[in-house]
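Quick heads-up: structures coming right below.
Look at the two complexes coming up: subunit A is in both, with subunit B in one and subunit C in the other.
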Partner chain A sequence: MEVTIQTQEGKTLVTLNGRIDTTNADRFQQDLAPLMQGDKPDIEMDCSGMEYTSSQGLRMFLMLQKSVMARGGSLMLRNMRPQVREVFDITGFSNIIKIV
Partner chain B sequence: MKKRFNPIKDKSSEIIEYLMASPDIPKDEALEFKIRLSVEEAVENVVRYAYEGGIGWLEAGTSLSHDGLTLTIELRDAGTPFNPLDKPDPDITLGAEERNIGGLGIFLCKQMMDSIEYRYEEGCNILTMTKRIEN
Partner chain C sequence: MSLDLHCEMILDEYRERRATHERLQEVVTRTLHRIVEDNHLYVTAIESRIKTEKSLSGKLELKGHKYATLDDITDILGCRIITFYTDEVDKIAALVEKTFEVDWENSVDKRKLLDLDRFGYMSLHYICRLPAAIYADPEHPELNQIRFELQMRTALQHVWATIDHDMGYKTEIEIPREHLRNMNRIAGMLELADEQFSRIRMAITDYRRNVQSLVADGDFDSVPLDGDTFRSYLELDPFRHLAKRIALINQAEVFDDNLMPYLQVLLQLGFHTLGDVERLLRNSSDDAYQLALHQISGTDLDIIALSVTLQNLCCVHVLRQGSGVLGLEFIFNALGGNTEANHQRAERIFKQARKINICK
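Presenting the complex of A and B:
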């Protein structure tokens, strides 16, 4: 899993590439650490390169969503692949996190 | 095919890749995605929780029904007796604040596979998952 984070005109643009699974969930959590700080974050994630996520990846998305809400910010996931989207749908995560 | 892994500490990936390389699993991207997710969640459950410190064995196998239309994945371990299916499903209607982090693994297996059964037999936890393979 590769995570790139850029800041552009007050927005935080994140690109996810690869798979989030049992081998790299800890590293993914570390990679997301910069997004866990700051007031009113405005985060957009491009998920077109995210091939797979297990429940461990979902945990990280939930942690991030909770953190963003607590700081009065917003999180949006874009361009999710259908199979990954299904995982978000059946776990109810599509109702918790904004996906467009 | 089946294989016994011992010890299983830090062996999740090896066990998952062994199962996913099985000729019983059709080379179909959508199906493989669902099977991999279920296999990963079920294997992780055993590797993390079955034995104190992961010191113990896990036998992992796949088989196909005679008509070739039903895939079965079986995991067997001799760890602490534990029925993962006893755990209530997470409430997927809750908002982010109320949702607990975790508790999704076995729920995903239930959703992705057609059946999942647990039994305790001769000192072993046995988890059996099946998936209908479309032609």
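Presenting the complex of A and C:
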């Protein structure tokens, strides 16, 4: 899993590439650490390169969502591949995290 | 502005005591915030000010002879609590009486002063002292002796008082009769509005209590579906059993997310009472479980959101009604806005549902 983070006009743009599974979930958590700071974060994640997410990945997204909400910010996932979107849908996670 | 010697002495006293008044202001304001928070009251504002030297000079110029010393002027420190509702003014007043030492001789309930055919400035003014039990500084015992004014009023009374003050008339005699009449008409209207807001709030509180009792008794068919009733219903945790059943498919954990967004969906699907929701749960849980089983078994997903229960129940409902892909898409659009992904999702679920014979 490859995570790149950029800031543009007050918005944090994150690009995700690859798979999130048990082998790299810890690394993914570390990569997300910079997003866990700051007031009212406005985060957009481009998920077009994300091939798969396991439950561990879902937990990381949940953790990030909670952190962002607690700081009065917003998190949005974009361009999700259908097979990844299905994981969010069947677990009810698309009710928790905004996906467009 | 020219003041006589007596007034100048009072003004000197005011300058000397400035720091003491500032300290008193800090303690009193902090205490007011504490009593409001401790008693879970919502107020629009807690304000305070120390009378400016210019304002005091003006007062002394007009009626300086009335005051022997600065202590006789009770509004050097003025505080104000502005509430939303009239009954909250009384609650605040009761708390102020318990907290501060009220100088009853000089306190005024202006709400009771008006004649039957008069409207106008209505506010509760207490003259108080800070009791040593609240705050005592051995080096400044005068903090417990200085009197201060505390005004309690509603937001609408505040609007009235502020505009009335802005007009710049000190007495009613100065105001042209026509303007006075118009001001009084507005005051009457504000008083009525204040009263109505309190009544509406009381009626809503009664409604909520009544609904909570009906929900607790399980009398769901008598309870209309709305924000209050759905929230009370969710407190009974009605979807837990289904969530646990679904979670068992993969020994998953259940994350308790917010189910309130589904209220809009249920209403748009034509559910009118909590009884309708209860019947959906009773009659469609097995199909909702089967749908989840079809989707989740064979994956290694070991976390689900609680809302997956309502999500699948709503899906089963529209499929049984024969609404097909369009019905499913309607649910997802109502939840998260219209997107192309919703159509794909609806088609996918429709295919899955057909395989397990949920569709009509």
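Here is the rule we go by: the second predicted complex is superposed on the first by the 100 of 100 C-alpha atoms of A that agree within 3 Å, B and C clash if a C-alpha of one lies under 4 Å from a C-alpha of the other, contacts with A are read in each partner's own complex, and residues count from 1 in each chain.
Definition applied: a residue touches a chain if its C-beta (ideal position, glycine included) is under 8 Å from a C-beta of that chain, and two chains touch if they have at least 3 such contacts.
Quick caveat, the model's predicted, so the values are computed rather than measured.
Aligning the shared subunit A places subunit B and subunit C in steric conflict. Touch criterion met: A:V100 reaches subunit C, while subunit B stays clear of it. Shared-chain residue A:Q83: touches subunit B; no touch with subunit C. Contacts of A:E44 after superposition: neither subunit B nor subunit C is touched. In the overlay built on the shared chain, the residue A:Y52 is in contact with subunit B alone; subunit C does not reach it. By the touch criterion defined above, A:M63 reaches subunit B but does not reach subunit C.
The clash between subunit C and subunit B in the superposition falls on 294-302, which is one of the stretches 96-104, 204-212, 276-284 or 294-302. 54-55, 58-59, 62, 87, 90-92, 95-96 are the residues of subunit A that lie in the contact sets of both subunit B and subunit C, per the superposition on chain A.
Those residues of subunit B whose C-beta lies close enough to touch subunit A in the complex are 12-13, 16, 29-30, 33, 36-37, 40-41, 44, 90-97, 99, 101-102, 104-105, 107-108, 111. Interface residues of subunit C, counted against subunit A in their complex, comprise 252, 255, 257, 261, 292, 295-296, 299-308, 311, 335-337, 339, 341, 344-345, 348. Every residue of subunit A that touches subunit B in the complex is listed here, in rising order: 21-23, 52, 54-56, 58-59, 62-63, 65-66, 69, 83, 87, 90-92, 95-97. Looking at the complex, you find that subunit A touches subunit C at residues 54-55, 58-59, 62, 80, 82, 85-87, 89-96, 98-100.
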